[in-house]
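By letter and in written order, the chains are A, B and C; residue numbering begins at 1 in each of them.
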Amino acid sequence: MNVVNDLRKTIKKLLAEKKIDLFVGWEKGSLPMAATPIFITNEDEADRIVFDITCGNNLSVYFTKDKKQFADKKVGIAVKGCDARSVVLNILEKQIDRANVVMVGVPCHGVLDKKKVLAKTDGREVLELIDGGDTVTLKGNGYELSSDRSEILSSSCLSCIYPDAQEYDIFVGEPRGEVPNENRLKEIKEFEAMSTSEKWASTRAEYEKCIRCYACRNVCPSCYCNVCFVDQNDPAWIGNTCDFTDSMVFHIIRNLHVAGRCVECGACERACPMDINLLLLNRKVAMEVKDRFGDVAGLDINGKPAMVDFREDEKQDFIMG
Amino acid sequence: MNMVRLDKQKLNDFIRELSAEYSVYAPGKTNGKTEFIPVESSDEIDFNSHVTDMFPKGIFFPPAEVLFEYDEDGVREAQTSHRPIAVWGMRSCDARSLVMLDRVFGSAIQMPDNKNFQDPYWKEKYDNSLIFGIACNEPLSTCFCNWLGGGPHNRDGMDVFVVDAGDVYLMEPLSDKGIEIINSSSCLTNATGKDEALAVKLASDAESMMTAPLDTGGLGEKLTAIYDEPIWSEISAKCVNCGACTFSCPTCHCFDVQDEGKGKKGKRVRIWDSCMFPIFTMEASGHNPRALSSERVRQRIMHKYSYYPENYGENLCTGCGRCVMVCPVNLDIREVLKRIIAYKEQVI
Amino acid sequence: MSEWQPKILAILCNWCSYAGADLAGVSRMQYPPNIRVVRVPCSGRVDPLFIMKSLQSGFDGVLVSGCHPGDCHYISGNYVARRKFAVLKPLLEFIGIEPNRVQFSWISAGEGERFATVVTKITEDVRKLGPSTRLVKKL
């Protein structure tokens, strides 16, 4: 709770001293499993701010969405490790002016994945959720159970190495430091061990679910093209008829568009109404980017996004002999 | 007609009977999500599903529906299944949504200017359908049907109303088609007075579990009055303009028509569209009349609670709560409605 | 019915690989007639979307070829392209597209012989895989 109190105090101070015009954070949502973004301009509202396991949104998406919203404003923003990397990336890509943003780091212990919670409760509705740190209590009609935090965390959090903001102006609470994560790539390695046809069957089963609502794209802070390639209709690159191959091409190209720019925050996967395991491909791409180019998206504010950079002596094992 | 009872043990036989004449749909699980799927036996039905994750409108208004195909030999209307559709286990909110959609596609109600548009693809499926609704005995916390003229035991849009009463289903036929199917079935027995009393009790219990309704009277006029006010950019501030709400909505029905062709073959397909997408209103000139997120959010609210009621006298929302559940930023439509009703118009 | 023949799209850069193909032609080198060539200004012009669309529209294989590293007419086009392909290729393999369907090479204007070898190799690779089915859009 101290973190939340400190966060509120920090926001009040920033607003009172006119260091910012606006603060973007999370408040308690209308559902027990979802906090919701809030935009604060008034000190009194700061007491609505929360920070717990339900704060899954990557708020830096609001910098690039409907660009007029934050134009010419000094914006304070609460950032988890992944969110901070998104902000850094947006700064590198000249979408945000570093001087106009005050990054307030919060120590993140992971955010929940609704579908994992519902698996815990056998699909029964959750009416109350209490974030007790290592254990989380879930209450509903006629039941109460507690779960290990790790069992309901988003897959992005289970593979997270940088829970703290690496770039920040103010850090509230104790930073957790880098988390050594040996099992980080386990899921990817297991997938890679399958045969080509098994991989394809698995991919197909997953992506056939897509209904093309574009929630994944729209919650992604790295997806901010004025006109997305799927929305171009002259020429129309991608059909819109829920054809599986069209959906697959959309997802592959989206993955490549965010290659070296995806911070693996998992917002896409949590937003997906069809529960597609979206992050697996993003993480595979991030793994390749790190192995080949030594780059991790949004870590270095003086760096350059991997896909607009190159070295002459790079590994080119995939080129025909 | 009075209520009849169906022993749950006999549901499978009943579904079989239905299958003789109908393609039967019921809530089932595909890929971990509940939706209405074609079933042949009661084993395939997911009885735990509350409001299904996916939306029953897809049975009658599929996400992608081929209108016609062409090749070197000419143009052919798409082959549709001509077997009539029966749906088992449709919640009150969903059954009502079909009535709302039928006003648009089937013109069950004439428009004020007496124009009568009829969509053959919808009509062919919906007019021959048989809907077995199921009453909600335990509404969810996201349900708000009682705000919008519905209720957990509402009977609108059903041919047969079904109440789950423990070991038996109590059924009440509501339409001629419903009476016919009930009379012709061999699985049913007459309900007792005790059964009927139980159905009434379950209904009042369910009602009492609902949240206190918000008075939505005058909402349409209010919306028209505040059309140009800054509240819209406040409401839409956190919306990221994905289509999760519109695609999960049982009453959203905007569509796009796309041609797909290759060489000498092709087809015309009708697909779901969403007013949340910028391209929805993009004009050929490059001008977009609803370029801003706030304008698109306003459109969605206006269509549901102002434009549609102006034409048909009822809000285009059944209060099923799906959009509340799927919204990635928790922009809760109930909060939006409360905010609009509480909003004081600015005098300009 | 005649035997199935692989259909391969070759996307060649204007300055090196296309000229390499030209040299193979004027030198009367034999190579399989299974490729359809698209000429692009530079391998850096090749959007991964082109490759995906080729597979989707039914090509059994895709070959992308540009200038050798260091030889790019635009100095660094092929270096940037190399990063894109370096990510695309493992990703395609990861989702279960057969590894040999999409291949990349560097062929200079003087390497007519190499062009013939590369085309022969990809044709045989794709022939072994059989007709492409996985990402092909059916109407």
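Note that contacts are C-beta pairs under 8 Å (C-beta built on N, C-alpha and C of every residue); 3 or more make two chains touch, one makes a residue touch a chain.
This one's a predicted model, so the numbers in the text were calculated from it and none came from an experiment.
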Task: Winner on C-beta contact pairs when B-C is weighed against A-C - done: A-C
- [ ] Could you pull out the chain whose C-alpha mean position is farthest off from that of chain B?
- [x] C
Open item on the list: Measuring from CA centroids, which chain ends up nearest the centre of the complete protein set?
Closed with: A
- [ ] Averaged over CA atoms, how far is the centre of chain A from the centre of chain B? Could you give it in whole Å?
- [x] 32
- [ ] Could you grab the centroid distance between chain B and chain C? Build each centroid from C-alpha atoms only and quote it in angstrom.
- [x] 49
Task: Centre-of-Cα separation between chain C and chain A, whole angstrom - done: 35
TODO: Scan chain B for residues touching two or more other chains and write them down.
DONE: 260
- [ ] Find every residue in chain A that makes contact with two or more other chains and list them.
- [x] 239, 243
Task: Complex contact set, residues of chain C against chain B - done: 57, 139
- [ ] Could you pull out which chain B residues touch chain C in their complex?
- [x] 260-262, 265-267
Task: Sites on chain A touched by chain B in the complex - done: 29-31, 34-39, 57, 61-62, 65-66, 68-69, 115, 122-123, 125, 127, 141, 205, 209, 211-219, 227, 231, 233, 239-243, 267, 270-271, 273-275
Task: chain A partner contacts - residues on chain B that touch it in the complex - done: 31-33, 48, 50, 53, 63-64, 138, 140-142, 237-238, 240-244, 246-248, 256, 258, 260, 269, 271, 274, 277-279, 282, 292-294, 324-326, 328-332, 334-335
Open item on the list: Going by the contact rule set out above, which residues of chain C touch chain A in the complex?
Closed with: 48-49, 52-53, 56, 69-70, 76, 79-80, 82-99, 103-106, 118, 121-122, 134-137
